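Structures are listed in the sections that come next.
Common to both upcoming complexes is chain A, partnered first by chain B, then by chain C.
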Partner chain A sequence: MYIRGVGRTRFGALNLSLPELMYDSVMEALSDSRLESRDIDAAIVSCFAPERFQSQLHINSMVSSLFQVNKLPVFRVEAACASGGVAVNQACHLARAFENVLVVGVEKMSSVASRDATSILGLALDKRYEQEEGMIFPAAYALIAQQHFLKFGSNPEDLALVSLKNHSNANKNELAHFYRKRVDLEDIRNSMPVSSPLRLFDCCPMSDGAASLVISARKTCDRDIRILGSSVRTDNLSLVDREDLTSFTAARLAARDAYSQAGIRPKDISFAEVHDCFTIAELIAMEDLDLCERGGSAGLVRKGETSLDGSIPVNTDGGLKADGHPIGATGIAQIVESVKQLRGEAGRRQIDDPVYGLTHNIGGIGGTAVVHILGAG
Partner chain B sequence: MSISLVPARMVWFCPNCSLEWSYPVKYCTNCRKETGKKDSSRYVVVGFTQISIPSPKNETVPYYVVLLEGDSGGRILKKTFKEPRLGDEFREVLSGGRTLVSVSRVKYDISGSVAKVLNLLGDVKINETQKVLIKPNLSFPANASSGVVTNPLVVEGVIEYLLSNGARREDILVGDSCAIGFDMNSILRKSGLGEVCERMGVEFIDLEECGTVLREIEISGEKFRIEFADEVFKRDLIVNLPVVKTHFQAGVSLALKNMKGCAKSQSKKYMHRFGLQKAIAYMNLLLPKYVTVADGTVGLEGFGPSVLGRPADLGLIFAGKDPVALDLTVCRLLGLESTEYMRLASRIGVGNGDLDSVSVVGEEYQAVTRRLERPAQEFSPTERIRVIDGNGCSGCSNNLWVALSRLPKDTGSLEAEVVFGSYFGPDRLDSLKLKFAVGDCAIVRMREIGLEGQGISGCPPETEAILRRLSEWYFHRRGHVAGTWSTNSLLRHPL
Partner chain C sequence: MYIRGVGRTRFGALNLSLPELMYDSVMEALSDSRLESRDIDAAIVSCFAPERFQSQLHINSMVSSLFQVNKLPVFRVEAACASGGVAVNQACHLARAFENVLVVGVEKMSSVASRDATSILGLALDKRYEQEEGMIFPAAYALIAQQHFLKFGSNPEDLALVSLKNHSNANKNELAHFYRKRVDLEDIRNSMPVSSPLRLFDCCPMSDGAASLVISARKTCDRDIRILGSSVRTDNLSLVDREDLTSFTAARLAARDAYSQAGIRPKDISFAEVHDCFTIAELIAMEDLDLCERGGSAGLVRKGETSLDGSIPVNTDGGLKADGHPIGATGIAQIVESVKQLRGEAGRRQIDDPVYGLTHNIGGIGGTAVVHILGAG
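Now for the complex of A and B:
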């Protein structure tokens, strides 16, 4: 499968409606792929909770409203924060039956108060075992952080370094939620406590935004980027049912599948876009993806190996932490960044001679995991 | 006194494959063998976080979420306001109050939560010689998830508890009487309780249909007499099973109010005429002692006690041997005002109304508090109609409110008054306004006090009859001919 074109909006608190966000990203993806809307044969839309954020359902039909003439088959996907990644995976299957498949991911989270948004996000947790016991997502990842500290000796300073690196990358990404925001370690260390040991700068923001791709089974030009591996795996919904709180089994399995499909090994990966909804999640991700040994992620971070000029750059666009996390768009935006890196179009964030890129998109507390491996066509 | 709080955390497991589930799985999804259940007797803190940001339903911060590991391997999360320590056993030390009210969050194992709250009370005596009456709330035809009737799975949990503690199936009776004018068979069917009784092999009895026994009392020179179902007084143990709900007349319907179902229908009407608040308190003095398991798995808020209220999704079960202590505790926990009948019941010795001497066990009190929406003091969908409650019973009031909710909602000046019940005088009515008397009690009373009006007869009148009469007047006032599409369109929708 090939990615012919990509597009995305800025991420942040945007004064655009859901259809307007989708429109902007779709038109950019079409232009990038040198296609017209009439060339699209099917679409998948990824959106986590429009019924809660905008009192809007039937989003697949909203996509069709943008196209007008095609009356396309459009399908909606929801897998919490992994919605975008799952949408891309499903588009790969769909592209066996359709010529050009559009993938569009969107979320508009700024239309509700942040405490209500926290509650809406919490719907992805188990209602009885988690929501009703006061659990919110920061708390879930805080528990994971505590376990990682106890087991491997990582500490809040390692998390602060992750946050600093991602903000630095976002300062080079004009579309990032925190493009203009400059932070230093003191800002991060002294930020407001959220859920111990996590502070404000350990947590990704609530963002609006959209991202789109066009996927085709045929290569049409040298700019097309090939999807070499794509895997979705799932696990128990609740944190209490995880075998190990310092690793996501679904992510490990999805990564193993993707490496196998691509015929490469973890050390062949040139860069990774991972799901850092909270800074601890970036440490966990590196270990689950075998980019380092279990417990070794903090060591990589301390040595700066995950920065743009390191041995394994992670989240070159700023990650969820600083680029932003419009839920339904995130997994697709990771692919957009990967495509730009592989094409050499990443501007000030460009890393040297990338060969293989990896994206890692997680739903809930590891209940869904999606891994893609991309390479130049 | 020290009690080990054992969280409700059942794990279903396959004895063949060793797979485990957190949700009720009757047969293994892998090998189809029947599964077993297990829980832990001891839990240890293996992780915790202090949360500093509020969210809806978690307004008070900071609080902790604690990760506990049980001795059978299962893990559970608990919200707490007490600072935990890694490695500590999850345990609560009680102050030793003289009255206990137990509470449990309900996960996916309702029977387990029922057993937990009853076990925590400590001395609910059950044996093979006892005859038991289980008294749920089957007031109106509604399904189990509405919060209007007792969840039949809670009834099933109580039956299982009784059987596991030695009671004999043939000595267990489930019984209630419904609101006047409703059909118990349709309530049994719609609620699902009929199917539970049949599956569990226990008999159901309509308390309206069995024999009658008269009980009377005199308090401060005032006589009070009630005809009860005789079966209530033939039982060794009564398990009262109210559903936690608001009530637009009584305020709240819990343990004390739920026992009104033991009274015969004429006595229910009498209780409304006597003054419902006083009658509920006095009635409890005439009844045998009972233990209560209050069903808050769903519950009802807003304009209860029937379908005009809203399901509250509480996820809680309570138990107590003292109905006053239980009612007051639950009210406080759910942000509801205590009612006059609760306070009166405390004063006349039905139970302990001193909350400082009541210990809440089973869950951390602060961690399970909620705020239910209270019923409005007055409710009328249109400003053109004023409703006068003459202490009418649930039959008339429920049918009237449902009919009124179907009328067009508009604003304007008052044009008519609707009265139900029989406890009203001419001073409560505007002599210049058109009057509708809903129900036989109101029609008789209007004649007694010499007021003219239009009667909608019945005991109670059907909702459709009330709606037809009121809507015919309403639309005729606006130039529509009676029986045109406006009236018919309101009647077309099934109630």
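Now for the complex of A and C:
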């Protein structure tokens, strides 16, 4: 499968509606693909909770309304924060039957107060074992961070370095939620505790935004980027049913699938866009993806190896932490960034001669995991 | 594609939770397929609004929790009341990559009051043009009924005959919501007006229930039922953007696709399971599916041609009206009924020697439409 073109909006608290966000990103992806809307044969929209944020379900039909041609087959997928990655995987399946498959991911979160948004995100946690016991995502990831600290000797300073690096990358990404925000280590260390050991700067923001791409089974030109591996795996919904809090089995399995499909090894990866909803999640992702040994992620971060000029740059666009996390768009935006890096179009954050890019998108606390591996066509 | 096995729960207000409903129907489908859960390679779950009815999203991960094997790829789709049909269509795409694809559709609606359920269903209407103007589904379909009456001379008595026939069929379906309810024409004519000209007996109930099936690309035994056609089409979300209220363009296009894929004509269809969320929708479905000419549906109903012993039986299981309408399960239950008819396992409601069955599942007011055509393997 090939990605013909990509598009995305700025991420942040935006004065744009859900359909406007979708429209803008889709139009850019079509233009980048040298296609018009009538060339699209099927579409997938990923959105986490439009019924809570916008009182609107049935948004596959809304996508049909936006593009007044063809009465296309349009599908909506939801898989918590992995909705975007799952949509891309589904599009790969659809592209066996349809020539040009449009994928658009979107979330408009600033329509509710932050506290309410946290509750809405909590709907992705197990109702009986987690929601009703007061569990929210920052608390879940705080438990995970504490376990990682205990087991591997990582510490809050490692998390601060992850945050600093992602904010620094976002400063080179004019579409990022925190493009203009200057953040130093002192800001991070002194930020408000959210759920100890996680502070405000360990947590991704609530963002509005959309990201789009067009997938086709055949290569159409040299700008096309190839999807070499695509895998979705799932795990138990509730943390109480997991054997280990410091690794997500679904992510390990999805990575194994994707490496196998691509016929490459972890050391071949040039850069990775990983699901850093909280800074600790970036450390765990690196380990689950075998970009380092178990417990070895903090060491790489301390040596600067995950920076833009390091041996394995991670979250070149700023990640969920600083680029932003408009839920339904996130997994697609990771692929948009990967396409830009592989085409050499990433501007001030361009890394040197990337060959293979990897994206890692997580739903819930690892209940869903999606891994993609991309390479130049 | 082939359907290896099917299963479903009773429909109605049930003392079973969302996961219990899924579990029961999946276990029956696996048993009917002569498979065990470890034989499943991927799964799709369709559910309309679990976040409203159960405060639970991310139910693809819940499906993974229910079947403690393989950490499968599991996907959730939502397309309003067409969620189930869309899931089956998606499963056909997935079955090119995975050997046995499980589809489970579910909705647990009795967890909220009927009035609240009506509001939740309304989330599938356009927020700006419909929801905020007070539109609800019974009112939308009342407008459609009035237009059909004006244009084609159909009348409330025709709707009553549809209701009577579907209740009569449900009396032969021990899993139906209204299996035990005896309904005569006087009950229907004298029932409470909901949104004139629609009365209570013109409206489907709020049901709990689940339905499941297993799809495979290859035929495994003579009991397998073949999917000869499968199409999803969409249209504008809002009624104000439609050219005609008495026909759903998306349904006409999906039917055209499905007939073309199957290589058969409408007159070859032995029976049809259509989306009678309101009785008027059954008349429109028959016309959109070319089972009769435009405006000809009421005539067929008056002559009894859509009854079990008629020339084109419609909604042999009782339809949404009397079998019930657990949103995410409905489109799958239509296929479960079709499989039972084609296998000759439909008991007291079995029709004579069916060759081709058709299912028609609608989301919103025609914003999504799914048509499947099935035949003996």
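Assume the second predicted complex is superposed on the first by the 377 of 377 C-alpha atoms of A that agree within 3 Å, B and C clash if a C-alpha of one lies under 4 Å from a C-alpha of the other, contacts with A are read in each partner's own complex, and residues count from 1 in each chain.
Just so we're on the same page, a residue touches a chain if its C-beta (ideal position, glycine included) is under 8 Å from a C-beta of that chain, and two chains touch if they have at least 3 such contacts.
Worth saying up front: this structure is predicted, and the values here are computed from it rather than measured.
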| item | value |
| --- | --- |
| Which of chain B and chain C A:116 touches, first, second, both or neither | first |
| Chain A residues touched - chain C or chain B, whichever exceeds | C |
| Chain B versus chain C as contact partner of A:90, first or second or both or neither | second |
| Partner chain(s) touched by A:236 [first = chain B, second = chain C, both, neither] | both |
| Touching partner for A:147 - first (chain B), second (chain C), both, neither | first |
| Which of chain B and chain C A:133 touches, first, second, both or neither | first |
| Touched partner set for A:64, first chain B, second chain C, both or neither | second |
| Touching partner for A:124 - first (chain B), second (chain C), both, neither | second |
| Which of chain B and chain C A:250 touches, first, second, both or neither | second |
| Chain B versus chain C as contact partner of A:191, first or second or both or neither | neither |
| Common ground on chain A, meaning residues reached by chain C in one complex and by chain B in the other | 126, 236, 238, 241 |
| Residue ranges of chain C touching chain A (in the complex, touch as defined) | 48-49, 51-52, 54-58, 60-65, 68, 71-80, 86, 89-90, 93-94, 96-97, 123-127, 131, 231-238, 241, 249-250, 253, 363-364, 367-368 |
| Partner chain A, residues of chain B touching it in the complex | 22, 47-58, 63, 65, 67, 74-79, 105-108, 315, 367 |
| Residue ranges of chain A touching chain B (in the complex, touch as defined) | 115-116, 118-119, 122, 126, 128-130, 132-136, 138-139, 142-143, 146-147, 192-198, 236, 238-241, 245 |
